[in-house]
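Comments concern the structure below.
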Amino acid sequence: MAELVQLLFAGLTTGAVYALVALGFTLIFQASEVVNFAQGEFVMLGGMVTVFAFKAGLPLPLAAALAIAVAVTTGLLLHRLAIEPAKGATVVTLIIVTIGASILIRGLAQIVFDKQFHAFPAFTGDEPFRLLGAAILPQSLWVLGGAAAIVFGLWLFMERTLLGKAVRATAANRLAAELVGIDTRLVLALAFAVSAAIGAVGGILVTPITLTSYAVGTILALKGFAAAMLGGIGNPVGAVLGGLVLGLLEAFAAGWISSTYKDGVAFLVILLVLLAMPQGLLGRRAVERV
Amino acid sequence: MASGTRTKLLVLGSLLLVSLLVPLLFPSPFHLRVAALVWINAVAALGLALLMGLAGQVSLGHAGFLGIGAYATALGPKHLGLDPLASMGLGLVAAGLLAFLVGRPILRLKGHYLAVATLGLGILVHLVLVSEVPITGGPDGIQVPRLELLGWRVAGPATWYGITGIVLLLAAWLALNLEDSSTGRALRALHDSEVAASVVGVDVARHKLVVFVIAAVYAALAGGLFALFNRFVTPDVAGFLRSIELVTMVVIGGMGSILGAVVGAALLTVLPQALTLFHEYEHAVLGLLIILFMVFLRQGIVPGIAGLLTRRRAA
Amino acid sequence: MSLLEARSISIAFGGIRALDSVGFAVDPGEVLAIIGPNGAGKTTLFNIVTGLYRAQAGEVRLEGREVTGLPPHALAARGLARTFQNLQIFFRMSALENVMVGRHLKERRRLWAELLGLPSVLRENRESRERARELLAFVGLAERAGEAAAALPYGALKRLEIARALACEPKVLMLDEPAAGCNPVETEEIDRLILAIARKGVAVVLVEHDMKLVMRISDRVLVLEQGRVLAEGTPREVRSDPRVIEAYLGRHGLETAHAA
């Protein structure tokens, strides 16, 4: 029982970060059909900027706010300087653009920061508490709670605000959205900004547990992409579900099968799920119209 | 991109010309080593260009097949007492077989779903290479014995430059032939419309499988050549970044263009070497250049330049 | 025994019956038109017969052999070809290459020979190219052979699809709205084309909204409404069938027709 709870919490914590990255993928994908492989870099920026601002003497909340601001600016610049000029290019070309951007961001981070691993103190201490015999880090609760708050906030924004509805309209049909007067360029810029902020918050929440370095973005982008696909691309609920499932798969594979092959087990399961459900867990079945 | 005999001769001729010019212009061993690496990478990129450019099927895990070719060449002599060349042959068969077995289910997936499935495949191969330390040597990599052909010790950058150049020319020749054939036309057709291809009789699943296997064998060939040439391989050869690099080569050179795959491979092999001049800015500049290339020559270098030339001629 | 026969085909999408026990038969050289209001299930019927969808009930027979549920490429190999309502062109290829793909089943594909570019492959390429040229000439696109398909106007693309389907040397040709979006001159060309194809002994099944065209060239007409067969017969019979007039024009139309 204790082991089960332990693995469950470990899986949910990593899964929550994957879910946030996958959510970022989904937002940008919905608004533009672009798969943004620079998504992981936002998480990296969130962690790294906080670390360095904190070390420079800023209080943690302020350092975190600065990190979010840096990530959002990066996201907007990415949209303005790379995605928009490449508008109309094929999907694969746009993917390569975002990969180029992620290499660029990582390259700059390596110069501005360094190549070491870093962390800052957990928000409310490092003393694990006991739950059904398992030792849980308080920071895990911060990650889970923070992720839940973001998902809820995003849902409110999408359902309740005019701007959110504009994003959904653009996702459903870009041309129709433009015809009713929605500035789809603005919507796309907004998607990049929000995705960047979500990624950065994820990075800030998880850094006290997992540490961070300039290079953590690649693997997160990869896992986030896999999670988004597992859930069914373009579906925010699917993204969150996919992220949590992926995190749990890894944790239980590491605990029960083999820690070296935890990624292997996770991807094997993703492969099997996709073979059974080619549109992911919650993806729409596309009926080909001819 | 109708290839016909004239295009075939043009592409092969220009490749031959360049491969003859390089040793004259850059005779230093260092340059020849880099050039040999270009030819090796180009072989892998060519295979991927057939899969992605011709047939429109994305693979984000193609380095997995590169790894199979490289490690078969390294492990055959060590564990089975085989000749390195025979081991490499075994690697090609293994890669082709794996592609054949997983290809049919995986290739039913479309677009990004196919991308993530192939990504997973690549990760699995990489993971095995890293984790099975007693067999593969793990993350530290493994030595590859020197290739000997009938008592001739194959060594030296110039020799390897020649060998890899000839292999590339052969690989390009086969790829061009495939383009200009019934199968090639069927692949291009299913890229545009699987439905229309199937109603004129193209067995879409079978054709995708065929090109997937061909691309896997090309990658394994490149991997094997790399192992023999470098005499040392690490699991990085099968890593995610290598897969991304291969895709970038194909896209930056120009999807669906045989020459483009070679140009893309050359660019992405030579650039990092040249960018060491920028020291710590190396990665940042590489990323920036990739963005600039894709924004300004979005069809890729070869089709982009070809387009500019025809437009100028028309004007 | 008819050349192509579909019997009591039924399919439902999400609980809505798209086709309810619909059937038809067609013989060599015959032109059968399938008409009906939008949403009557015409294209769905096409998609089932050509293997793109799987019917929930019913069977399809080609030359007397059951072919129900075979994949499209297997049906093509048995002599069934089709075009599409919303164009399925290979846009990255030239017009000529589009038609050459239609020759796929007539080409012997041996991968090794193709990779090595053996003379037999080159000879076959040449044959396919010549045959494709003839077909382009037949549909009136001879001069545009080398052009990129993406550069051709809509009417030309409609005929390009017909040429590509003919390259399969089909026994049955199914045309989904061949004249949709074409101007009167283009429609007349397609009209002539269809009759020429039928004269060669090919059974032609077409879905079409242009009633003039349907009445001119069809031997028989099948009328569908809401997934059911409403009427079937010669153009003359169908035209005067009160149920058909009602379906097309409503009650008011029926009264007007009676008054006339």
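For clarity, chains are labelled A, B and C in written order, and residue numbers in each chain start from 1.
Here is the rule we go by: a contact is a pair of C-beta atoms (placed from the backbone, for glycine too) under 8 Å apart; a residue touches a chain by one contact, two chains touch by 3 or more.
Treat the numbers as computed from the prediction; the structure is a model and nothing was measured.
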Review point. Per-chain C-alpha centres versus the global one: which chain is nearest?
Key: B
Practice item. Work out the mean Cα position per chain and let me know which chain is farthest from chain A. Key: C
Exercise for review: Report the inter-chain centroid distance for chain A and chain B in whole angstrom, where each centroid is the mean of the CA atoms.
Suggested key: 31
Check your understanding: When the centre of a chain is set as the mean of its C-alpha atoms, what distance in Å lies between chain A and chain C?
Key -> 48
Review point. How far is the middle of chain B from the middle of chain C, if each middle is the mean of its Cα atoms, in Å?
Key: 42
Review point. Which residue numbers or ranges of chain C touch two or more of the other chains?
Key: 52, 84, 88
Check your understanding: Which residues of chain B are in contact with two or more other chains?
Key -> 195
**Study point:** chain A: positions in contact with at least two other chains
**Key:** 288, 290
Check your understanding: Inside the complex, what are the residues of chain B that reach chain A?
Key -> 52, 58, 105-106, 108-113, 115-117, 119-121, 123-124, 127-128, 130-131, 195, 240-241, 244, 247-248, 251-252, 255, 280-291, 294-295, 298
Check your understanding: Residues of chain A touching chain B in their complex?
Key -> 35, 82, 85-86, 88-93, 96-97, 99-108, 110-111, 218, 222, 225-226, 229-230, 233, 260-261, 263-264, 267-268, 270-271, 274-275, 278-280, 288, 290
Point to revise | Interfacial residue positions of chain B with respect to chain C in the complex | key: 1-2, 5, 8, 173-174, 176-178, 180-186, 188-189, 191-193, 195-204, 210, 256
Check your understanding: Where on chain C does chain B make contact in their complex?
Key -> 50-52, 71-73, 75-77, 81-82, 84, 88-94, 97, 100-105, 107-109, 111, 114-117, 121-122, 124-125, 128, 164-165, 167-168
